[in-house]
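Have a look at this one before I ask anything.
Chain lettering (A, B, C, D, E, F, G and H) follows the sequence in which the chains are written, and residue indices restart at 1 in each chain.
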Amino acid sequence: MDQHRLKSLLEQVREGSVGIDDALAQMRHMPFEDLGFAKVDHHRAIRHGMPEVIFGKGKSPEHVLGIASRVLEQSGNLLATRTEPAAAELVKQKFPEAEYFPLSGVLRVWRDRSMHGKGTIAVVCAGTSDIPVAEEAQLTAEIMGNQVEAISDIGVAGIHRLMANRERLAQARVAVVCAGMEGALPSAVGGLVGCPVIAVPTSIGYGASFHGLAALLGMLNSCSSNVTVVNIDNGFGGGYVASLINRL
Amino acid sequence: MDQHRLKSLLEQVREGSVGIDDALAQMRHMPFEDLGFAKVDHHRAIRHGMPEVIFGKGKSPEHVLGIASRVLEQSGNLLATRTEPAAAELVKQKFPEAEYFPLSGVLRVWRDRSMHGKGTIAVVCAGTSDIPVAEEAQLTAEIMGNQVEAISDIGVAGIHRLMANRERLAQARVAVVCAGMEGALPSAVGGLVGCPVIAVPTSIGYGASFHGLAALLGMLNSCSSNVTVVNIDNGFGGGYVASLINRL
Amino acid sequence: MDQHRLKSLLEQVREGSVGIDDALAQMRHMPFEDLGFAKVDHHRAIRHGMPEVIFGKGKSPEHVLGIASRVLEQSGNLLATRTEPAAAELVKQKFPEAEYFPLSGVLRVWRDRSMHGKGTIAVVCAGTSDIPVAEEAQLTAEIMGNQVEAISDIGVAGIHRLMANRERLAQARVAVVCAGMEGALPSAVGGLVGCPVIAVPTSIGYGASFHGLAALLGMLNSCSSNVTVVNIDNGFGGGYVASLINRL
Amino acid sequence: MDQHRLKSLLEQVREGSVGIDDALAQMRHMPFEDLGFAKVDHHRAIRHGMPEVIFGKGKSPEHVLGIASRVLEQSGNLLATRTEPAAAELVKQKFPEAEYFPLSGVLRVWRDRSMHGKGTIAVVCAGTSDIPVAEEAQLTAEIMGNQVEAISDIGVAGIHRLMANRERLAQARVAVVCAGMEGALPSAVGGLVGCPVIAVPTSIGYGASFHGLAALLGMLNSCSSNVTVVNIDNGFGGGYVASLINRL
Amino acid sequence: MDQHRLKSLLEQVREGSVGIDDALAQMRHMPFEDLGFAKVDHHRAIRHGMPEVIFGKGKSPEHVLGIASRVLEQSGNLLATRTEPAAAELVKQKFPEAEYFPLSGVLRVWRDRSMHGKGTIAVVCAGTSDIPVAEEAQLTAEIMGNQVEAISDIGVAGIHRLMANRERLAQARVAVVCAGMEGALPSAVGGLVGCPVIAVPTSIGYGASFHGLAALLGMLNSCSSNVTVVNIDNGFGGGYVASLINRL
Amino acid sequence: MDQHRLKSLLEQVREGSVGIDDALAQMRHMPFEDLGFAKVDHHRAIRHGMPEVIFGKGKSPEHVLGIASRVLEQSGNLLATRTEPAAAELVKQKFPEAEYFPLSGVLRVWRDRSMHGKGTIAVVCAGTSDIPVAEEAQLTAEIMGNQVEAISDIGVAGIHRLMANRERLAQARVAVVCAGMEGALPSAVGGLVGCPVIAVPTSIGYGASFHGLAALLGMLNSCSSNVTVVNIDNGFGGGYVASLINRL
Amino acid sequence: MDQHRLKSLLEQVREGSVGIDDALAQMRHMPFEDLGFAKVDHHRAIRHGMPEVIFGKGKSPEHVLGIASRVLEQSGNLLATRTEPAAAELVKQKFPEAEYFPLSGVLRVWRDRSMHGKGTIAVVCAGTSDIPVAEEAQLTAEIMGNQVEAISDIGVAGIHRLMANRERLAQARVAVVCAGMEGALPSAVGGLVGCPVIAVPTSIGYGASFHGLAALLGMLNSCSSNVTVVNIDNGFGGGYVASLINRL
Amino acid sequence: MDQHRLKSLLEQVREGSVGIDDALAQMRHMPFEDLGFAKVDHHRAIRHGMPEVIFGKGKSPEHVLGIASRVLEQSGNLLATRTEPAAAELVKQKFPEAEYFPLSGVLRVWRDRSMHGKGTIAVVCAGTSDIPVAEEAQLTAEIMGNQVEAISDIGVAGIHRLMANRERLAQARVAVVCAGMEGALPSAVGGLVGCPVIAVPTSIGYGASFHGLAALLGMLNSCSSNVTVVNIDNGFGGGYVASLINRL
């Protein structure tokens, strides 16, 4: 799948230094390893500039540790989302520099702190209850090498708060905006700034928020054309795409 | 059911001027008439200060005319919503002063133009596509005796437009805010003004607006506490409740 | 954002008593403070006549106490909804006059008991299971300075119960009606009275109530034109808007 | 499947008057005929006291005529619902006594008018727009041999109208109640009467009625325990079950 | 509301033995008592032949005991559904003859065991997981004075089981059929018998049953015309309506 | 992608008869052609034993003809589903042996009638309104070389009809069962036979069928373990998978 | 219902060795036993080649043991899904060879290990979180006598992983593909292989997966025509149908 | 709102060259004009580098022409989406260089063809039915000054097609991927490339696509972390955001 490697392989075939069956086998030998219970994709680091991210939910502490160890053998950094405290504890025993953020459940080993982003990423949230999701976005963006400007509690019901932060928003190269309830903040931010806005609906709200559905639909129907949307509570996704954009 | 009429009826029973069976019959004889196909509720004019409103959709032109005639015999004004042009034509033949508004399908006879509202009602809409719903709200509020301030096309994606209309909004005693798509305008207006805001979701929008569901959920989850919601595209309901409030 | 303050600021600029950069800074210096984790909006008291309300769910007891302390420094009253007992306990330790209502989770400090409402607000609920939501509405309306008439357990399946309370309902200037299951009570109340009715769907019911969706849809489709709706279980919202209306 | 017929068949087997293969074949020879495109179930007349009912929607006029002819060969009466005018026209050419009701699309041949019901069936509707569905219920109940008391336009927003019809309702042995919008009428009727109430949600209403979903959910969540529900706009089903009950 | 009592009251007014204000007060004095937290409706026993039923969910044990005591003062029997064990314990301490059924959460005092039903009610369930709902239906039907024939575990995937119970089903005057998953049993039973079938969807099933929604929709769309539907898991409602029908 | 072709290509590279860049190009030269507006996948015929099927909906007659021509150049047979009459007409002008089935909108050129299936496929439908979907399944299965046994109008409400067809069903190697409304027929058939059952929900039904959603959910929740489900109205998919299974 | 047994019974009737009432009774005496709380269907083993499977959820440990004992008296094997550890413990005490798989909750007694499948069944899952569902499918397929090839963690976001397993997939006679989130893996696998693919949506995912709804809809709308779908998390169903197909 | 303009305004106030009321008025005089029926936002061109886009649906041809004329007075280019042919005709009469694309309904005046994007935008679609949406994306991206690489008909069911286009995809700086049905293509593309992917669900599909809901949910749940989503059929939004990103 790697065009250059394939070409050189074909050359080896021509030269006879590699047999045909070996060539076939190598062509099938993809750059990922098989741990038995999960295939760690080291190749992704090349494509996206980010090692395999561990989605911790529903994985046993031992599984998390196993994957984490393998990732850290090949990469300086580790990001695990939705991790249970028990798994975090186990990883921290082996990797003491690991940080655990209980609000968002993020577990992070951040050794390689080189910067890849060309500007600032604004990570904004509408209310204090949205902070866990925004934190996941911020930690993701940071470990991917970005300067983050965090702005919280500026929902549309108090437009003057939003206006007061206008300048900070205007300086961002891309914005991640987390909001629950009616999810209107991305539209408002999107109307103020010229950069791309990644909207992250959160599951915060009274009954008819339907666990984030109201915010999700609101954001998808945003009348600001610079808004795109990721999954409910998916702070990681928001931080990830913002990092890709900021790297351009 | 009318406390006073009931009391006087009981007095007549005591005095013997009304027999018991007659009394029973009268007590059951409610203040509405039976047209056969629809019961026109003249009593409502007393309770809500508004004659029976005709919901024109799915009624034949003859039905509309029949009810309209009966209403106009007892009341100076007539309001029919969602009326087909054919029904409007038929009513205008008999009542030439009737006005028909094809955008919203409102048919109106507005003879009695006395004012009942104590302040101004702001009728706001987010985009030009929401105008038919806003028009229904405005025409309803006007026939119920209110001064209406109509403000259109000030969606949240252009917050400066909203800000430019802030003063006009601030002078309203109650606001009706119509919006489709993500339905965020009521929240933003609600954050700017101190008065009650009636939010009317409209069915305008791209695919995931789901015919107004996104706007509806957005408004129900508004983080502005002064917002209440009526049905999708129900401009009439918005204008009606605003009128009741403005009368207080 | 305050027209008068802005005008006087411009005058100071003209007089030279305030420099341009200071003016720009002041214009951006909105009337809210930054606590780091949440921006308390004291300005709202001026706009809506009500200090910032704390939505307690998902906030740590320390957060709740922090915001509560700040609010009470500037305002005589405090209202916190959906508060956990632990947070309530912490606040009561510092502010012994705080009351906690475990059914609804409302935490209230009610020092300033001046009346602002011009009439009575009826707070009605359909069944005993709806009482927590109705209580939230009642406590909100009271702290906002209103006389409340609480009427419970008069669902439409026993219309005679509703009829027996007709007179009490008729005396209200605005009604908040809480109901789960099919949510039909607001329509019935709305047909009896001439005042605005704020309908609050509750999440009470058997399976196909879908956590309040049935009641919500029922209320949005009310055939009584004086009914508007707030979010599921949002007793606070119902009490809030009723207070705004009763103040007119 | 017919216990007696089966017993006598076994007796014939024992006596040798019927061979085993013939017996097997007869046991499989059910009392329905095969028209090729549809199996007309004459047996149903015995079980439910009603010949096969034709659901006309999506059937070509020729299909409708074909089934109708076969039904009328064996039964005095015919009921076809949701019939297109073209199909009705075709059937009327062959069976001039056929009646067509364009509002509901019911096509009826009513030769055998013997009474089977022991009391009166009340067929009630909330608004004039619900009349097509109520008509389908009424025509079904009539052809199944019942006395029908039709009451229209008594929605809950005008409770006094409902109260005025209380006596008529109280005399019914079973009630079919059709309502759109919030679908609250069955609950209210159910609270007034002691008999079973069949609720028929209709697809009438503004946006958030979602084509009858709001009414359907409302009725399923009725707080009146004597209410059961059939499909949206299924007047036929309402009339059918009411007839079965009235026959007991 | 009681025609005779009202007539005699009017006679007393005529005779002067009751004053007008007293009459008005009495007319408003409905046959229910006010316990403060819940209005017990003794009048319902007259209308539906069943005392007030207590919906135990979300009520404190003390509330349940309070209402239960009041009901048992005026009626021989008590039915409480969805009762927590703690509430059941408390009631059993005061009323030792009370029975508690932990599977369904029904609490029952069954002193008056007179029969009111004219035939047998079949209470059928599709799988063993549906038994709690079927039990609620059975206990309701029994306390309302009916002979119940309980048939369990005859889902449509094993049609021969259903066929084997055909005769028992055929002898019922009305059937209550409880089923989760795809909810097809009521259709199948409805096709076998000629009597009314009350379908009760249960919340049992794998993921896409969506807590009973699949069964509910299946039953509403039943191609057997003798099927009506009640709320998800509402065994009580099924038993209640079946009792009303069996009494005819 | 073709293992053998790849191996032989590598051999040619080794032998030098193919250059490396040519090899790379060939490896990327997939067995599909580019028509500009649509890529016809002739390779699929090898994998699935079926040429590219044209989904006619929303394609212009010219597009359909263009793709059809290309398909018929390489394959004896053609299957186009959901074709408009105009497109069918155009194709028939060029390929007179094409058959058009207006009920289902299937357009078929069936030159190669060799048999691939090892047994019979039963294509069953519940009611006459489901015939268009069943027809699409049948025509698909036939062109893929199968013997089809079509059985119609045997819904669960008349179980004896189903029972009467039991033997025919039992002889099938795989069954495709199409049903709308509550979609219970696949469960019932699945309980009778031991072979795999492909359930096809149809969009036929009254209001709460929600365009096939009720049937779809019913089938997904089937208590018969041999049932799998395809998309609503997707007769093609049902016939396709049945053919694959029958070929084993 | 067993054609041969029925024929021989009729012969006995003819010969007089069985009386008519006995014959009727036997014909009704289906091949299932009545345990009181659940009818164990031994007959199913004949039809589907698989003894009754116990759905453990919501059943008490004693119930599970009771049914398990009865099954094991007549069959060598036992499969119980969604079993609680307590029930598993109880069964293992009586049947020590029982295996319990805590991830999936499967309880299995696998004495009869004869092979019935003619090829290999591939059981594939997209991510490690889908393993419990895939395990249920695998254990089911194994106990039904199949060779299983388990392939995990090859989601579409890493297409090279999928490609690397292409050969293993191509050798399967039928594939079961389990995936949560967007559920795209069955489409991708279906495009690679020519055999039938049973798609099993899992409830794994962030917010807008809505407990498997997203995956379910994705699979139903698969553009690969060889894909059919079972219920969310229904690994058992997937393994079951795959076994039926592999047996052909 | 423009920081610099505001500063210079304040300076004018200090200098006395602008009076205070004039300053207030100017501050409120936003850079948009009021056409009466719609406010054209010329300011947006500065913020987003794109003039006001006209959403043509539901606007009369005259409205479209009016707005278009105003836009073209101040900007060289015009983009109108979802335009009816009649409106396009009217605009073309006045602006002959206007192009109309009937498939997507886009109306475009493209005078200023300067390039703003720094790389190529790939606009990909899964099937030929998705072309109208992809066209809207492409035309938007082009008028915003981008090089577009359009790739169509490479759905996941034919992964080899996707693989064959891998290189073209890899060269894009950002990709817009349009897909209906299960919407899996963005995940697959996202797994192949390292750049941001904007997913556009389309409303194309069989029944259970629910007008694009299945594709929308699929994309939101994408397991490729570089995917964000816009509204159903919102090709414009996809092209717009891609343009903003490509400009960075």
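Here is the rule we go by: a contact is a pair of C-beta atoms (placed from the backbone, for glycine too) under 8 Å apart; a residue touches a chain by one contact, two chains touch by 3 or more.
Since the model is a prediction, treat every value here as computed from it, not as a measurement.
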Steps needed, at minimum, to go from subunit D to subunit H via contacts: 2
Furthest chain, CA centroid comparison against subunit H: E
Centre-to-centre distance between subunit E and subunit A (centres being mean Cα positions), rounded to whole Å: 53
Intercentroid distance (Cα basis), subunit E paired with subunit C, Å: 37
Approximate Å spacing (C-alpha centroids) for the pair subunit A, subunit B: 48
Multi-chain contact sites of subunit D, meaning residues that touch two or more partners: 127, 158, 163, 167, 205-206, 208-209, 213, 216, 220-221, 225, 231-232
Set of all touching chain pairs, with the criterion as stated earlier: A-B, A-C, A-F, A-G, A-H, B-C, B-D, B-E, B-H, C-D, C-E, C-H, D-E, D-F, D-G, E-F, E-G, F-G, F-H, G-H
Subunit B partner contacts - residues on subunit A that touch it in the complex: 126-127, 155-159, 162-163, 180-184, 187-188, 190-192, 205-206, 208-210, 213-215, 217-225
Complex interface listing, subunit C residues touching subunit B: 3, 47-50, 53, 118, 167, 173-174, 193-196, 198, 216, 220-221, 225-232, 236-237, 240-241, 244-246, 248
Residues of subunit D touching subunit F in the complex: 1, 28-32, 37-39, 41, 43-44, 55, 57-59, 63, 201, 203, 211-213, 216, 231-234
Residues of subunit G defined as touching subunit D within the complex: 6-7, 10-11, 13-14, 16, 20, 23-24
Footprint of subunit H on subunit B - complex, ascending: 127-129, 131, 152-154, 158, 160-161, 163-164, 167, 204-209
